């Protein structure tokens, strides 16, 4: 497999196609214009500066452009940067596709979808099953391609589906160990809990927050979607309310954006499953970049802690 | 006007009709059954104990029963109590009505409604006006009779309408003083902000929380209602989102139950108007019961403070 | 199986042997002495008052005494109490044993031990294995009989072992789902994390805190025990330090009694496993006592929340 | 009206008189001296750098100097800066006055004073009136010219008077809507609450904190001033104490600098009026600089929030 | 020396003169009036109940009355109470004096004063000395007799002087160990810091909070007193401001009632000295009542902790 | 005495030997390598930049190298920097020693040791004395040379011993003023409380945190050391536990790293002594660098406050 941009060592020469993920213009302290780019391929992204830029460069190197770049890796404040020596937009005849340059879930979205729908076979309550299935169908395209976040964890194409399936696996284990858990509620809660992200976020690539995302947030949006779906399917009863509550409370407490704390057992457990899956990904990602016997960089969503990577057993 | 139950002094004899507001049975430390009643008329409520009760008393003196009571006022831990000497359910031929025994807004619900609808004439944006008017019509009966809370402030028949109209008056003043405020958003926000209470609370009398109220809360319920109404009226656009945000953020911050802090100016001001109107009512109510030169009882929703009532000017 | 004391309904007559779990003397507001007892059998415990007691009763009905009690169940402030009509210490010839009157894990301590030791077969690192096994052997008797807490969860005979084995099962699932987890560290961390309780608590019955428990706490005690064991076994290296850190950080943050937050991945996950297992037990226990469609009592260690028990599916 | 310095677009040429508001010297990372200036006119202020400066420039371009500047606007990290091409101190014969180059209240201080004194006619309590009027007279010159703060809101010449009059208008509305409010206390509280700023701040131009401001703060200073004034006027009684309390508590709680929370109704309301008036100014100011459909910059005193400016109705 | 009321054991008979410290009437749950008294002598105080009281008893046994009481000590919820068998007001011919029945500092107020004034000889700055001495003289009578608090520590006659002198001794030690401390500021700060208590509290006996104490607090009152004194003595300069700041900041931070945190070194140290002296008294008082090997009652102002009294060395 | 590097004024020429305390390489925004050095002598340290460096410079100017430097002092963002004009490693024949270039306690470690051991003569409890003396002997070399911290206070050679002796002096004063304090516990607690630093920190020069320091912290390490020592000396009893508790609780509360709050009086006082001694050093150090009438830089460990240095008396 081709070497990714995050796998180069300091001092190595680079000559490859990359996708512009972010593009900002700036002015140096002495007043000269430059551009600050984030360039990516499947392996991740890297920062790069383009000095003494002109106005036409802004459009030429806007986000979502594919570029051919030559340069060298150097280290700036503990992080790799790409010192650009040559850059130009990719030419049509070079046949570069965006999808080949963005990170995505390891499994294909078809595989993930296949695994996800298996969980419906363990669900028994027809109301819960129908609501969940209907929402999944309605937004299937987005659910299977959106990331689960703009950064930190599952922030890649199909990240949302990846996160959901991983949580379902953990949910299944917990239902076996603690048989008093209601599978219908827990599985449905896992599937629905973050679907509001397909409204909150702009899309799978160069992801930003939408106005709706900023003013309402994915939790409130989804609570409303469940209500609408139940109305459309003419489903009534406690189940509708409990699914809304599962989604509403899954951040665990008010300060973290859930206007109600979990008030049913499955909602409490959903919060834990979400946390474990997100933290495992953040820790694995940070530890992969760390040598045994050293510490990771500070991880902001984990209380800004550095984690130690043991020497033994690695 | 007839003397209300809260206006009797310690030592005075009582002989009147009262409504049972709450009814709980208990057991004394030595194991004897008794009932703890809260009895009310238009002036407010008072606690009373019924000693050595039997099982049949539970039904006889359940909440929402009208009773004829004789007894004497005494003071228990700084609060008046009614020592019951005689009690019996009211007889049909005595023609007592519940509505005559519950506190309610000073103005009739018709007057309040009349005043409320005047504010629509100052609104210009047709989308905002139509959504707001539609929801008001749909739940008009409940909106005009429900309380705004189970205790503390506007906790009486038509309390919700009373609170809403009072806030609209203050909103109007603020729009005059700060003309950059958008009247459509602010008035609609005020009218809609607490309508979710008609789902959250059980009704105008002997009010408790519903399951929906406990698991979702009036804020989330109302955000969904606005979405459904817009869908029904086929209204789209930023206005829908902004109205949802006004309701969503009106508690001001996450810890107080708003999953998003206010992000538009009118939402920020709505939070203040709500606060001022609620606090004025709590303070006036507590100070009315306090003599000049003395302190009110501790007011829990005001950080448990006691307020001083000045001697001068009163 | 014989009906337990917690399974009687209000109004039912009781005539059975019970163990005095707690015994406190008091004086009524009018100055008469009485005793407040907590009586238990395998099913749990119940409060009871003994009126007009004399000094000799204090010794006669001290904690850990078995008594024969006759009386009736009544309800006091929402909780069942036993109104004692007759009481006397059990006679030797009645052959009552304490162990038959205290709640304990469902599985026997032998079965729990059998399951626990199986997990050693999956461990590979000899240093970790030897330290863990040595401590387990050294305190085996206490570990297999002590509770994990004085109240709330796993607060019964062999509760500590029950909690440990349940956590190991969950730990195993997590290692399968997230293969980057180091089994040696995680299993050993689970086994060791609460062994300090055998110093912190007084014993399996009528459990209280020791002076050592109050002044040092089970976490610091165990960190020291690991150091002593490593010294005794002449084991050195990172493993010793990491096991100490697993124990030290398992409460997750400083405010909860861990002077260091988790700084290795397995320590972070240990904290979650501990939480999930404790909360599942508290929730199951509270929900068992609750009817469908109603709320549990407030659960103090779960932020004082009441949980709702759904009607459907039960 | 002449175009203000904040109204130029990026790329435009500037050639105008400006006032040096702040002046700091620095050294570049490579050790070369430069000066960092904040230059202002009536419209607001802008940053500018002067490269390769010499020691004599420090005095030449000190704060409160008027300069003639030529240059070009460019954008640095999202904010406009002025790239200086030529600069020199203004010459006496150019007749530039500082007062023409500092922002100030829209109304003249005479108009503001006129409006302010009208409120005395509604006050009835002679003690309150005399104390308030005496302090107003004593510091009239400062009160009518000082800003209310060094930044964020009402941070311009006569800002304190502007803020006070605006609050009085709102106070009057509230007294009409809630007639139980005592006008004497509320109006006097509004007038006095921030007069301590004339001790806390250095003056109307290039404002900084005084030593007294840092060590005591405007609240404590004013509490003392009221005591001294009452002593001088030989006024005694509850009124003096209540006015001191109004000032003392107007920040609302201890963490915000009020050693006592409001304990009279008018003090509670004063806190709200102060908040609303300050926030309206901050929001209006930030939204004026924002296009419809976009967000303001983060506003630190509003919990660092960005506010959205709706598209409709603007 | 005569045995004090706090030195009787449970079961002992009492027949002595006591002072009524607090007197409240109540009603039993069954509606019978009673009085709840706190009775004291030099050794401390004890609670007592008077059953079936009549209206005339209220005046007869009001606070500050000396009574002759017969009865027996019993234990109620872990605290001693006096069961009254006989009670009557003391007769004039029995020559009982209040001062003989209230706890007070061990040293006489004359001795304390003598020691206090010695510290002036070490002060050099005439401005600081004159202000401090003037205030001491002006309120000498109150300063030498008031308590420093209504409860917890130094809550007895001359408690304020006792606390002040004890702090001066510690201040002197610190000045010797850390010679950079300014003695003038530190000694004066210690002497002045709590003098505001003579306004905040009602007096040396049956102490309550005054209106001024509630609305302004001893800190703000004293800051004003220093300003007035300086004005009267025509003293100006930094010293006045620094003394005000010492008093203003001595609670250490905003949440604890100091609107400014310490900003000079001596103010920081004053806060520590105050804390150590208050805590030593609370700890000594609680530990005196505790047997070796046991824990004190929970101490609310020490974060509600129980302290352990070691067995060895005692 | 020779002028130290922190005593030069801006603009002065430097030509002296310095020790490299920290050495980091960087890249300028335009991609050129440079090194950022912290250079020190006995007086303290100063930052310096070395531009256009090559790879061989990294080793040449690594931490703990002595260099001969020529250059000039300039001011960068309010702090002095050294602009390097010439630099080379010191030559062996120049006879420069590291110990002459690092700050250290004013007294020699021998004098400090002499003073420290005097305190043993006042201790009476043989168990406490033996444990304390044994640990002191065992780590004497490290205890007498290590700093007490990496920055802020006592961060120099023998800083730990300096801090300990200074605290002992204050402890002695407190024992005289409050004779109920147990000298054995307090003195031993002071001596032991920070010895864990000799494990937590890397050494007296160029000090960093060890892995053990990061994962366990000096408090937990020391609690274990006391246990091991007691075991080795075959000492048992409450004393061992109390010494462990003194160390465990000396940070005062959980958030500050003590898993148990102080539960004996001497532990509470130890926390205060530690605080006062550390803060006095931080304040003295900051105020020495400040002119009368000005403010210190912000002091992070003192809540980020600036302190004012009075004009009078200095």
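General remarks:
Chains here go by letter, A, B, C, D, E and F, matching the order in which they are written, and residues are numbered from 1 within each.
Simple rule for what comes next: a contact is a pair of C-beta atoms (placed from the backbone, for glycine too) under 8 Å apart; a residue touches a chain by one contact, two chains touch by 3 or more.
Just so we're clear, the structure is a prediction, and the values are computed from it rather than from any experiment.
Identification of common neighbours of chain B and chain C yields A, E.
Looking at B-D and A-F side by side, the one with more C-beta contacts is B-D.
Residues touching across the chain C-chain F interface largely coincide between the two copies, over half of the numbers being common to both. Separating the centre of chain B from that of chain F, both taken as means of CA atoms, is a distance of 61 Å.
Mean C-alpha position of chain A lies 40 Å from that of chain C. Note: centroid distance chain C to chain E, computed from Cα atoms, is 44 Å. Each of the following residues of chain B touches two or more other chains: 211, 214-215, 238, 242, 263-264, 308. Here the touching chains pair up as A-B, A-C, A-D, A-F, B-C, B-D, B-E, C-E, C-F, D-E, D-F, E-F.
On the chain D side of its complex with chain A, the touching residues are 28, 49, 51, 74-77, 81, 83, 295, 308.
Against chain B, the residues of chain E that register as touching in their complex are 26-27, 29-31, 211, 214-215. By the touch rule above, chain A contacts chain C in their complex via residues 124-125, 166, 169-170, 173-174, 176-178, 180, 182, 184-185, 237-239, 242, 253, 261-265, 268-269, 272, 275-276, 279-280, 283-284, 287, 302-303, 305-313. Chain F makes touch with chain C in their complex at residues 211-212, 214-217, 219-220, 223-224, 227-228, 231, 238, 241-242, 244-245, 248, 254-260, 263-264.
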